[in-house]
Amino acid sequence: MEYTVFILALPLAMFLLLGLLDSKLKPRVAGILGTMGMTVCTALAYLTAYQFFTQPRNAEGVIPSQVPFNVEWLRFTEHLHIDLGIYLDPISVMMLVVITTVSLMVHIYSLGYMHGEKGFQRYYAFLSLFSMSMLGLVVATNIFQMYIFWELVGVSSFLLIGFYYTKPSAVAASKKAFIVTRFADLGFLIGILILSFFTKTFDFATLTANPTAIISESAGATFLGCSVASWALALIFMGGAGKSAMFPLHIWLPDAMEGPTPVSALIHAATMVVAGVYLVARLFPVYCVTPEVLDLITTVGAITALYAAIVACVQTDIKRVLAFSTISQIAFMIVALGVASDTNLHTGLGYMASMFHLFTHAMFKALLFLGAGAIIHAVHSNEMADMGGLRKYMPITHITFLIACLAIAGIPPFSGFFSKDEILTAVMEKSTFWGVWMTVVAGLTAFYMFRLYFRIFWWKDTDCSHHTPHEAPATMTLPLIFLALVTCVAGFIPFGELVSVNGEPYHIHLNWSVATTSIIVAVCAILLATWLYMKENKKPTAMANATRTLHTAAYRRFYIDEIYLFVTHKIIFGLISRPIAWFDRHIIDGTMDMFAHVTQWVSARIKGLQSGSIQAYVWILIVGTLLIATLTICYCL
Amino acid sequence: METPMIYYIVLSLVMFFAGVYGFITRKNMLMMLISIELMLNAVDINFAVFNRFLFPGQMEGMIFSIFAIAIAAAETAIAIAIIINIYRHISNIDADNLDDMKY
Amino acid sequence: MNFLSLFVLIPILMMAGLAIARDMKQIRTVAVTFSTLQLGLAIYTAIKYMAERAAGNAEEMLFQASTIWYEPLNIHYAVGVDGISIVMLLLTAIIVFAGVFASWKIEPLSKEFFLWLTLLSIGVYGFFISIDLFTMFMFYEVALIPMYLLIGVWGSGKKNYSAMKLTLMLMGGSALLMLGILGIYYHSAPEGGALTMNILEIAHNNAIPHEWQYYLFPLTFVGFGILGAMFPFHTWSPDGHASAPTAVSMLHAGVLMKLGGYGCFRVAIYLMPFAAQELSWIFLILTGVSVVYGAFSACVQTDLKYINAYSSVSHCGLVLFAILMLNNTAMTGAVMQMLSHGLMTALFFALIGMIYGRTHTRDIREMGGLMQIMPFLSVCYVIAGLASLGLPGLSGFVAEMTIFVGSFQHTDTFHRVFTIVACCSIVITAVYILRVVGKLLYGAVQDEHHRQLTDATWWERLSAVTLIICVAAIGCLPGWISNLISNSLNAIVERLS
Amino acid sequence: MELLPLAQQAIFYLLAIVIVVCSILAVTTRRILRAATYLLFVLLSTAGIYFMLDYTFLGSVQIAVYAGGILVLFVFSILLTSKPGECTEEKSIKQRILGLVAAIAGAAVCAYALFTYKWPEIETQEIQSINDIGHALIGMDKFQYLLPFEAVSVLLLACIIGAIMIARKR
Amino acid sequence: MDLSQYSLIWEYMQPELLLLVATILLFFVDLFASPRFLDKWFSGIACVLLAVVTALSCIPGSETNTLFAGMFINTPMTTAMKMVLNIGTILVLLQSHAWINSEACRVRRGEFYELMFFTLFGMYLMISAGHFLIFFIGLETASLPIAALVAFNKQGGKSYESGAKYLFNAVFSSAIFLMGISFIYGISGSLYFDDIAATASANTALFVVALAFIITGIGFKLSLVPFHLWTADVYQGGPTAVTAYLSVISKGAAAFAFIWVLFKTFSPAPEVWQGILYVLIILTITLGNLFAIRQKDLKRFLAFSSISQAGYIMLGVMAYSAQGLTALVYYILVYIFSNLAAFGVIATIEHKTGKVGMDDYNGLYKTNPKLSLAMMLAMFSLAGIPPFAGFFSKFFIFASAVNSGYYVLVFIALLNTIISLYYYLLVVKAMFINANENPIETIKTGCYGRTGLVVCVAGILLLGLASCVYGYLSGLSLTVGF
């Protein structure tokens, strides 16, 4: 399957082509070129998936993973070397499909959405760069390759968020996104360093084949009461948490919505943000040897899920709502991974569930974003207040959006129901507490999604005197329709057959008690939303007023951003950087200058020696001589 | 020679350092020159005395004294020429007036 | 006559050519011709070197030649290269090449400017090809002094102060160095043996008594470290770079500061492995501080050149930091970092110079939205910034990762903690780089007058593109260069163990 | 000169007193002509010491060159550069004290050195004749001084040229 | 007295005798030639005569000869030193041509050259002395006529003040020097260097005092701190040619004589004088530098620079080895070229414009690029910047001191090089960087002056790179036993 190399090479070539030629290319040509490249890429990915999943299973019933391509890129030590290669196993192939699909949709969609924008060519170049990086990330054969592409997706994300670089908020958001994830990557890097030092390898295959290596190699080594292995894995998870916007590193994601909406769909909903989930899944066998880290992952995920869901309930910017919903959904996946305690098919159910949810979520969340994009395109605003009653003007968008909402709310038969159900089952099996917790979150999800839905499409009839919203062009609706279809059918894919924690096929069967509960909760939430938001009324305001403190806090995202702002500006800049800069200029540099000043000063003070008087000279001469004589007599004799 | 050598040496020391004192404290350059003569003269005594009391077999010290006297004369000649030169320029020979260049 | 001497000879001929050149056109012709020649020679040397190595030549240094110079002191004019020198020579040639184009329109006294610049490059080339302590030191100082005039005459801002400070501080370093070198020389051979200045022989003799190493190591290390902008002797760097003209900043930050790192390890560590191991912790603390401290300082600067200068402090601190880790991987990383930092900082300074030449300010508060006005320069700046913050695919990443992985191979907590501290710099670097990118290039145009400004001219483009290509080439294909370096380091690392 | 030890001692003390007193007076008096006169006494007394030590030739040279030549030169230049009866100003008291300190300290250091030195005891006495002196001045062997003799002539010539050059008006 | 002795004298004392002959020839030329002939050729004749003397007599042989029972010593190294001094003197004469032939000085031209030659003769004696009497006569011959030369300028200026300062300091220090010699005589009963070394008992207070007095006497000529105070005033006021002569030739000869006296005479107690010198060197270098940084008058500035240079020269004495001797002579040679290049420029500009202030040199490069370059090379060489000769001489002199174990001393000296670099760069800065509304106009240097400068610049550029000079000196110094 050597052709898989082209899945990476093609977008890279597109990036270089579009990036270097830039404005020398007509925007249209650039868009079409990029889309065609992506189309080929998608085709190749599907081909790969087909070939991969249809290949014979081995004796254990596992689909054997493959490394069709691997070259040594940089050698550090005898054991440690970065390879660049392609590693195909169920999850990476699954990811290939997800990424190429969503990316292609976004490419097509953008032809319409970005039409006439300044820097259209640049936009496609960046999209290609992102696709390449993301694809490279998922097929990485070793953790360092992953890190490389991890950084690259980070920078593509930075570039795309800052696409409207004249807009200060976009610039700030791009900076924030990059720096926060960079900070998380620091943890990732240190984690890699620790892990690789003890296991003497970066290679995923080797790492997962012998997951206990780190325990045996680092035997006894502890730091602050935790074993080195725990630290390493926790730090690696920190990297993942940063990319996947887990609490408290989530702050960049809502702001990242400053980028063009298709970009949000691609990067900040479907693909890049799940990199953290993917990372944990990739190293899952290793995580299994440190249950305390898995517990940490569960906790972080659960808190994030609830937090994001609550915040999402009160946001008024539709993209923000979607962003928090994304955070919350990713948290679901993370929790699922956290509760999967080993590689047994049943106790490790969470693994499969997580991947499944990743897959379905990518589709419907992309759909949501693209739909939101279409809406924004139509009304030129992100604010709910500017919307309402759009169902009449934008039927296709409306329907597809509704499908997506139902999917995310977990209403059967849409895909979200199946994957979320698996997650809740897995969580429930592990711990009832987290199970109930996550069910509540699922309810909240349904609530805020339908709040969003109703506020956009129902609520009131827009005043259309000056501007009539109209349905998006075909380039934009086609992807919507396609993704809606996928959302409808994806739940019936026998996902467990293909992806499971140990590779053996797993038959998904609904746990009806859990499923029923979640459906009931979701429906209740939807009804509540319907009651509140179907028609324009005063109830929401009244409720908000009734819970003013909570509402405001949630609206301000529980002041996490303010805390960050305080830490960065007041502490990092104000208490560290500025004092250091001052210290450098005045103390260190001052010391150096002081040498010069002291020299000058001494020089000025002793000028009197050279008084110009012969007799003074002679006096100094004779006294000098006598001193020399006396001192020498004292010291030498 | 009943008078011990050290007496002579002390005598020369007194003369020498009287010269030093004079050189440092006299304003008139000719008086500084006089002080120098005292110092040189003291050294001559030293040579002669050492020669006589310690190394009477040769006359290195005495000869040195003779040469020293000759050189002192040369020094004086040059010095007086320079003093006169100064007198031409500033109409006095006060050493304190020679401090235009300093620091 | 060994062909390595051409590295010194070509610039000398260049000076002669410049001296007889009459107008700007001739000056440029001479400069371009000879700098291209140098580049060609550097590439030729690299290829020849690799061919020799491939053919199985296992000598520590290749193309050695030695002519007796000062017989009473056994001083030779001795040359030879290993992988590390090769890398440094390439770097120098590239930056000189780019520097010539970056100073295409230098005014006034362009002839003198190029003459001094060439003298500087003589020193640098000579330093890298020398394997005799004396000639090495001589070339080292040759490289330092033209800085004074280059900054003083063609600089900007408080140039007199900066030029003087830079020169004096670096001379302070070379004062320590001279003592160190003399000390090494007089202990270079076992009792009764012939004293020598030849680095290889000294290393081979291994005769420097341990108690002497305790004195000589700090002398040489600090001596070179000052040029390598080691905390707390780095303060010449911000002022100096800020005042220097473009090509000089490029050459100085790009190449000259590397003399420090190169010297630290070729002289201090290679010749005194015992003290290196015993005392490395002191300098590790200093350089570790340097790395973070420089980065933090850069965060709040407002002058573009100051930002880059502090960033250099941080990056060069990393070089010394890695050298002190005393293992093959980290030292390989150090050399790669020298190369990478050399290229990208040269790129930075070139771009800053070009921007300054247009806007006449370097204060980021007075500029903004340059991306709209001069897209080419801005894109280059972003690329340089990304290289600086260690984006994979550009040279910074490979260097830093090699350093971090190498440094982490130590098993004790001290080294690890400092490695982690140094790692933190990648975040801080991102902060200040993005701050500049955000303020300078993105956002709205701050000063309406800037709208009339033009984008880069062809020579500026050539200069920047050359550097970018190199940065990207190393970033994408680091394997060959890493092998080149790490093979040459084996001998040194063996001595350390 | 063969003198009784007692008389010799007496003469020594007399000369010593004259030398000490006149030296000090020469450097403390404010009238320059007097200073020159005191110097003359010192020089003559010194010649007396030389005679006492049986260095008659040296004594003669002392009188001839110093008292005869140099002092006359002094007197001429004094008359040339100062008005009769003029007193020179004193330096400030601080400077005089500094000078005194330097002089006394110097004397003390030298005296310490000279007194702590163990001088050898030598009894034999040889008297060199004027002949010996003559030979010594033109001989080339050890303790003979042809070379200095010639060299000092060059020195004197140079000084004469220099002095004339400086002293003449143009 | 047999005649063979006289032939030996002729053979071994050739430099001295030829120099005297040359002086006499000069005397007669001055006396009998027509004024117009003299205006044109007198300097040339003097230079040629000195060059001939050098060529005929100052080529070092290979053996050590003594005359007058050890009173006069002629070794290859002393001959080499005489050659160095001759070269320097020729350069000074070349540079002084324009000035000495000016209207004001022309009448005293003959005397100028004769006194110059006489002082050179005195230095020869100092260098070759084997007896303190010869040494003393040499010392006086080398300093008394210089006092007359310093007071040479009669119209305006401060020449007379400088002359007096020089003379009074000189006679005072020579009195102290004599006192020291008298003590030495008292100790050893002989003034032959060899005898003193053989008989002196080093560990007595008297010996130390004598040593201190003798160091004072020679230190005055070398302008070591604290005997240096006359230097700046004399350099500033004296005619530039004489200042140049004082700063390099007189100092060089004194340094060599100093090392000779210490090595030969005081070899029983090296640790005593090394201890004294240790302190003196630190003081000299540091104070010289500290004063130099605040000077605005270039001649005065160079005076302090030369004081600190003297400190560096003394490092070679400290080394107390053949290597130290070599480094010292080499240093002096390089120093002659560097300092004379600086003085050559100053003399040219002073002669044409009367300006010697550092501020007057602002923007000199614009109008007089060649002079500025020469000056810059001189400054760099003095500061010890490679590839100029000064770097090599500094390196070798430090090497010799380090070889003898004086690490700390060398360290202090090295730290001082930073200060010295600062003030040397100030001059460079003035010429190249500082702006000036009305810089010194373009000056056309005369043929003699230009030759002098070119030779100096060539020396600065080549002396270091051509290792043969140092190698040659090193070979010569090995013939001196330690």
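Order of writing sets the chain letters: A, B, C, D and E. Residues in each chain are counted from 1.
In this text, a contact is a pair of C-beta atoms (placed from the backbone, for glycine too) under 8 Å apart; a residue touches a chain by one contact, two chains touch by 3 or more.
Worth saying up front: this structure is predicted, and the values here are computed from it rather than measured.
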{"item": "Target chain C, source chain B, minimum contact steps", "value": "2"}
{"item": "Joint neighbours of chain E and chain C, given as chain labels", "value": "A"}
{"item": "Any chain that touches chain D and chain C", "value": "A, E"}
{"item": "Chain at the geometric heart of the assembly (C-alpha centres)", "value": "C"}
{"item": "Winner on C-beta contact pairs when B-D is weighed against A-E", "value": "B-D"}
{"item": "Whole-Å gap between the CA centroids of chain A and chain B", "value": "96"}
{"item": "CA centroid of chain B to CA centroid of chain E, Å", "value": "27"}
{"item": "Chain centre separation in whole Å, for chain D relative to chain A (CA means)", "value": "102"}
{"item": "For chain A paired with chain C, centre-to-centre distance based on mean C-alpha positions, whole Å", "value": "37"}
{"item": "Chain A, residues touching no fewer than two other chains", "value": "596, 607, 610, 612, 614-615, 618-619, 622-623, 626, 629, 633"}
{"item": "Touching two or more other chains - residues of chain C", "value": "168"}
{"item": "Chain B: positions in contact with at least two other chains", "value": "16, 19-20, 23-25, 32, 51, 54-55, 58, 60, 63, 67, 71, 74-75, 78, 81-83, 85, 88, 95-96, 98, 100-103"}
{"item": "Contact pairs between chains, per stated definition", "value": "A-B, A-C, A-D, A-E, B-D, B-E, C-E, D-E"}
{"item": "Touch list for chain E against partner chain B, complex", "value": "132-133, 136-137, 140, 144-145, 147-148, 151, 154, 158, 160-165, 167-168, 171-172, 174-175, 178-179, 181-183, 185-186, 189-191, 232-233, 236-237, 294, 300"}
{"item": "For the chain A and chain C complex, residues of the former touching the latter", "value": "72-77, 80, 82, 144, 147-149, 151-152, 155, 158, 162, 165-166, 168, 171-172, 174-175, 178-179, 182-183, 185-186, 189-190, 193-194, 196-197, 572-573, 576-578, 580-581, 584, 588-589, 591-593, 596"}
{"item": "Residues on chain D engaged by chain B in the complex (per definition of touch)", "value": "5, 8-9, 12, 16, 19-20, 23-24, 26-28, 32, 35-36, 39, 42-43, 46, 49-50, 53-55, 57-58, 61-62, 65-66, 69-70, 73-74, 77-78, 80-82, 88-91, 95-96, 98-100, 102-104, 106-107, 110-111, 114-115, 119-120, 122, 124-126, 128, 132-133, 136-137, 143, 145, 148, 152, 155-156, 159-160, 162-164, 166-167, 169"}
{"item": "Touching residues (chain side chain B, partner chain E) in the complex", "value": "16, 19, 23, 29, 32, 36, 39-40, 42-43, 46-47, 50-51, 54-55, 58, 60-61, 63-64, 67-68, 71, 74-75, 78-79, 81-83, 85-86, 88-90, 95, 98, 100-103"}
{"item": "In the complex, chain A residues that touch chain E", "value": "596, 599-600, 602-604, 606-607, 609-610, 612, 614, 616-618, 620-626, 628-629, 631-633, 635-637"}
